[in-house]
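In the two complexes below, chain A is the common chain; its partner is chain B in one and chain C in the other.
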Partner chain A sequence: MTTATAIQPRHLEVRGLTKRYGRIEAVDDISLSLNGGLVGLLGPNGAGKTTLLRMLATVLAPDAGSLRLLGLDPSSPRHRVEIRRNLGYLPQSPDLYPRFTPLELVDYVAVLKEHTHRGRRQAEVVRVLTAVGLAGVMHRRIRTLSSGQQQRVALAAALLGDPALLVLDEPATGLDPEQRLELRSLLAAGAAHGTVVLSTHNTAEVAVLCPRVLVMSGGRILFDGTPAALRERADGMVWEDEVPDPAALRSWMTAEGRYRNLGSPPHGATRCAATLDDGYILVAGRRG
Partner chain B sequence: MTAAPALVLAGATWPAARAVTWAPVIVADGALVLVAALTRRAPEDGTMPALACATTAAACVFALHDRGEVLLAAVPTGPMRRRLHRLSIVVAVAAPAWLLMRAVMPGIRGVGVLPVLALMTAGVAAAVWAPSPAVGGAPALPLLWVTADSVVSGSLGPAGDVLGWWRAEPWIVLVSALLAILAGRHR
Partner chain C sequence: MNAWHASPDSLMDYVVGRGGPVLAASVEAHLLACAACRGVVADVAGAAGEAESERRWSALTAQVDRTPSRPLARLGLATAPLRRAGILALVLVVGVPLVVRLISGEQTPVFFLALAPALPGLAVAMAYRTDTDPAGEAALATPIAGLRVVSLRALMVTSVGLPVVVLVALALGGTLAAALAWLMPGIACWGLVLLSGTTRLDPRSVAVAVGVVWAGAVATPTVVAAVPAAVVTNEVAGPLTQVGALALAVVCLALAWARRDRVSYRRFA
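Moving on to the complex of A and B:
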C-alpha cells in the first residue's frame, strides 16, 4: 500500500499553459483558476479545447506553463497518480472493446482505477451503469449497442468512484434529448462536490448547466464569464433583414427565410434580442 | 483508495487477455504451419526459420496494440505498466505456441525462443519511441529487419553483421530493446 497525498477537491489552477504541435500553438499561454462547479468550454473545431482537456486530464504534458490539479502538480509522477485516482476523464470518441459487455468493460476500468475489492467494485460498476441509464443492457456486447449507448459506457467509466475532477470531452455526442437531460443531472451532481470541465458545441447545454463558460479560439481563451454575460456581448448587435448584410461580421438564414446579421447594425435596422449563440459566434468569430 | 500495483495487475489479467487482438498471432502461426507442411520435402535454406521468427514476433507486437488506450489514458495504472502487463500475457501464450510450432516444423527445430523474443522486444521498443502517426508501423519492424538481414547484410561487410544479431546475438538485441523500452516508460 502507498501513502495517499492530500488533495484539494475543488482546486484547479493553470498558469501560462502552452502546447505546440510543430509550428501550431494548439494552446497558447492560457491562465485560469477554477474553484469547483461546472465549467463549460465552447469553441470551434481546432480551437484547442481537446488539447487543453487532455492536459487537464494529465494525459498530455504542456510545453510551457504550470498546472495544479486538485492542489497537486501533475508533472510529478507521484502526484500524477494521485490526481488520476481522483479523476474521471471522458476522451472524445474513445474506442471500446467491442466483445466486452458494458459491465465487463467498466469493471476492467475500475480494476485499473485501483478498485481492488471485488464486492465493492462490482457494486460501484452497477451504480455508474445504472446512473447513465444502461442497467438494462449491461450484459449485452458493446458492439451491439448504439453509438449513444457506447458513449454512455465510456461516461460510466469516467464516473467511477465519484471523482473530484471530471474532464469530459463532448460528453453529449450521440445522445438523444432524453439522454441529454439525464446527463445534465449527472453532471450537476458531480459538480456539487468537485469540479467538472466539459467541452461542447452545444450552447444550449452550457446555458442550462454551466454557471461559468469559457470560449476558446486559436488556442486562447477569448471569454470567461457567465452564459448571461456571453449573451449580453451580442446585445444590440443582432438584426434581421430580407438580405444578408455585407457589413455584418456573420449572416445566416433563419428558418423563416430572413437573414440574421451579427455585427454593428446599420442605421434604421430592426434589432433582435441576442441569444447565447449570437454571443458565442461574436466572441469566437472575432479572432479567426 | 490506493492498492499495490501487483494486486491491480493480477485483477486485470483476464480482461487484459480478452482485450488482446489474438487473431494475428493465430493467423500467422497457422499460416506458418501450413507452409511448413506444404514444403516439408523442399531443401531447407534458412528462410523458413527466419520467416517463422519474424512473423511470430510481428504478430505479437501487433497483438500489443490496445484499442482502449485512449479510454484508459488517465487511469492511475500507467500506460507503461499496462503495456508490460500486456506483453507478459502475449509472451505467456506465444512462447508455448512457438515451442509447439518447433515440434511440428522440423525446419525451425534448432531455433530457440530468444531470437523471437529479441525481434518482438525490438518491435515494442519501436512502438514506444515512434512518433504517434508511425506507431502502427512498429509490427513491421521484425519483418523488415529479417528481410534486410537476408537480402542486404552480405553486401554491407562488417556492418551487415549487426543485422544478424537477432539470430547470432539475440541477448544483445533483447537487452538493448528492454533498455530502450525502460528509457521511454514516460512516453
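Moving on to the complex of A and C:
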C-alpha cells in the first residue's frame, strides 16, 4: 500500500481554469477558492457547470490553469489517486449497468474505491444504500427501478467511504419532494466535515441547502456569494404589469396571468419583492 | 416455601440447555416447589429468547444482504458489452484459423501466425471502452480506475483465448512451433496496446495498426515472394523474433506500469 498523502478536507482552490472543446471555451479562466461546506452551482444549460465539475472530479484534465483539491494537485498522478480515495462523484448521466442490482453496482464501485475487506465493504455498501433509502430494493435489477431510485443508486456509490469531497452533478434530478428532503439531510451531513459542490437548476434547492452559490454562464462565474446576496441583485428591478415591457431584460407570464418584468423599471411601475429566481435570471442573463 | 434457591448460573444453564440431564432434572425438581426461581427462569428465558432471536435475525439479514461473490462482477466483466467482447475474441480465435485453413491450404501456419498475435491486443482495446463500465463515468473518479482494471479485464479475456488458439492451431495440423510461436509477439502487441492507453492515442486504433503491421510483415514474404510456410514459421519461432518480442513486451509493460495513473486521466479526457 502506498503511503497516504495528507489531505485538507475543506480546501479547494481553482486558478485560471480553462477547458476548450474546439473553438468553444466550456470553462473560461475560472478562479475560485472554497473552504468547505456546501456550494451550489447554478447556470443555464451549456454554462460549463458539468465541465467544471468533471475537472473537480479528476475525470477531465484542464487545458490551462491549476487545481488544488483537498490541498493536493490532481495533475500529479500520486496526488490524484489520493484525491480519488477521498472523493465521491455523481456524474450528470450516471449510466448504470441496468442488469446489476443496486447491491452489485455499489459493491463494484466499492471495490474500485479500494474497500478490499469483504466484511467491512459489505457493511459500507448496505450503509450507503440504506442512507439513500434503497434498503428495500437493493436486490432488484436496476432496470426495474424508477429514475429517481436509479439516481439514488449512483448517489449511494458517491457516498461510499464518507468522502471529504463530494462532487454532484444535478443530484436532485428525478427525486420527488420527500426524497429531496432526504437528500438535503445527506448533503448537509457531508458538508459538515468536508466540501460538497453540487450543480442544479433548482434555485429553491440552493436557497435551502447552500450558504454559498456560484452562478455560471458562458463558461465564466458571474456571481459568487450567498443566496440572499443573489436575490438582492434583483431588488428594485422587478415589476409586474398587464403586458410585457419591451424595455425589460426579461418578461414572463405569471400564474395569475400578469407579466413579471425584470430590468430597469419605468417611472411609476409597481415594483415587486425580488426572489432568488429573479436574481439568478438577472445574473445569468447578463454575460459578464 | 424453600429456604434456598438455585444459583443463577444453574438456572441459565438449564434455560439454554447446557449442563446435561442431571442438572436439568435437579433444577426441574426445585422449580416445582419454588415460585421465586420459576420467576427467574421466566425472565431469563425471555431475555435469552430475545437475544437468540436477534442473533438469528442478524445472521439471516447478513446472509441475504451479502455482497455478490461473482469474480466477474468484481471486474465489471459481468456486463453484457464486456461479455460480448470476450465472446467475440473467442469467435475470432476459433473462426479466423478455420477460414484461413479453408482459403490458404498449406500456407495456413503463415496466416495463422500473421493474425493470431493481434487478438490479445484487440482484447485489451475492448477493455478500454468507457461505455462497458457498469458504473459509467463515476468509475473514472475512483483510485483504481485505469490500468489495473483494464489489465485485469484484458487478462481475463486473453487467458480464456490463449489455450483455445493453441488448441485450434494444433487441431488444424500446425506444428507445435507454429501453435506457440505467436504467443510472444501476441504479448508484445498486448503490451503496446496497453501502453497506448496511457497516452492520448486511442487503444483501438493502436490495436488495429499494430495488428496490420504484424500481419503484413509475416504474410508479405509468402504472398509476394512465395516463401514457404516452414521458412516463415521458423523465422517467427526463431530466437531473434521471440527475444525481440519479449524485450518489446517487457519495455511496454514497464512503461505502462510507470504511467499507470495516467490511464483514465488522459485517455478519457
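Throughout what follows, the second predicted complex is superposed on the first by the 287 of 288 C-alpha atoms of A that agree within 3 Å, B and C clash if a C-alpha of one lies under 4 Å from a C-alpha of the other, contacts with A are read in each partner's own complex, and residues count from 1 in each chain.
The rule is short, and it goes like this: a residue touches a chain if its C-beta (ideal position, glycine included) is under 8 Å from a C-beta of that chain, and two chains touch if they have at least 3 such contacts.
Predicted model only: the values in this text are computed from it and were never measured.
Novice: Using the superposition on chain A, tell me whether chain B and chain C clash or fit.
Specialist: With chain A as the common anchor, chain B and chain C collide in the superposed model.
Novice: Would you mind checking which one, chain B or chain C, touches more residues on chain A?
Specialist: C
Novice: Does the superposition put A:A131 against chain B (first), chain C (second), both, or neither?
Specialist: Neither: A:A131 stays clear of chain B and chain C.
Novice: Figure out whether A:G161 sits in contact with chain B (first) or chain C (second), or with both, or with neither.
Specialist: Touch status of A:G161: first partner only.
Novice: Is A:R85 touching anything from chain B or chain C once the two structures are fitted on A? First, second, both or neither.
Specialist: Both partners, chain B and chain C.
Novice: Return first, second, both or neither, reflecting whether A:A269 touches chain B, chain C, both chains, or no partner chain.
Specialist: Neither partner.
Novice: Could you say whether A:L103 touches chain B, chain C, both of them, or neither, answering first, second, both or neither?
Specialist: Touch status of A:L103: second partner only.
Novice: Between chain B (first) and chain C (second), which does A:Q122 come into contact with in this model arrangement: first, second, both, or neither?
Specialist: second
Novice: For A:A188, decide between first (touching chain B), second (touching chain C), both and neither.
Specialist: Neither partner.
Novice: Identify the residues of chain A that lie in both the chain B contact region and the chain C contact region.
Specialist: Shared contact residues on chain A: 54, 57-59, 77, 81, 84-85, 87, 89, 91, 94-97, 99-100, 104-105, 107-109, 111-114, 118, 154, 157, 167.
Novice: Using the touch definition from the top, list the residues of chain B that touch chain A in their complex.
Specialist: 1-4, 7-8, 11-12, 15-16, 18-19, 67-68, 70-78, 82, 186
Novice: Taking the complex as given, what residues does chain A use to touch chain B?
Specialist: These residues of chain A touch chain B: 1-4, 54, 57-59, 77, 81, 84-85, 87, 89, 91, 94-97, 99-100, 104-105, 107-109, 111-116, 118, 154, 157, 161, 167.
Novice: In the complex, go through chain A and note every residue touching chain C.
Specialist: By the definition above, chain A touches chain C via 54, 57-61, 77-78, 80-82, 84-85, 87, 89-91, 93-97, 99-101, 103-105, 107-114, 118, 121-122, 125-126, 138-139, 154, 157-158, 167.
Novice: Any idea which chain C residues touch chain A in the complex?
Specialist: Against chain A, the touching part of chain C is residues 62, 64-68, 73-74, 76, 78-80, 131, 133-145, 149, 260-262, 264-266, 268-269.
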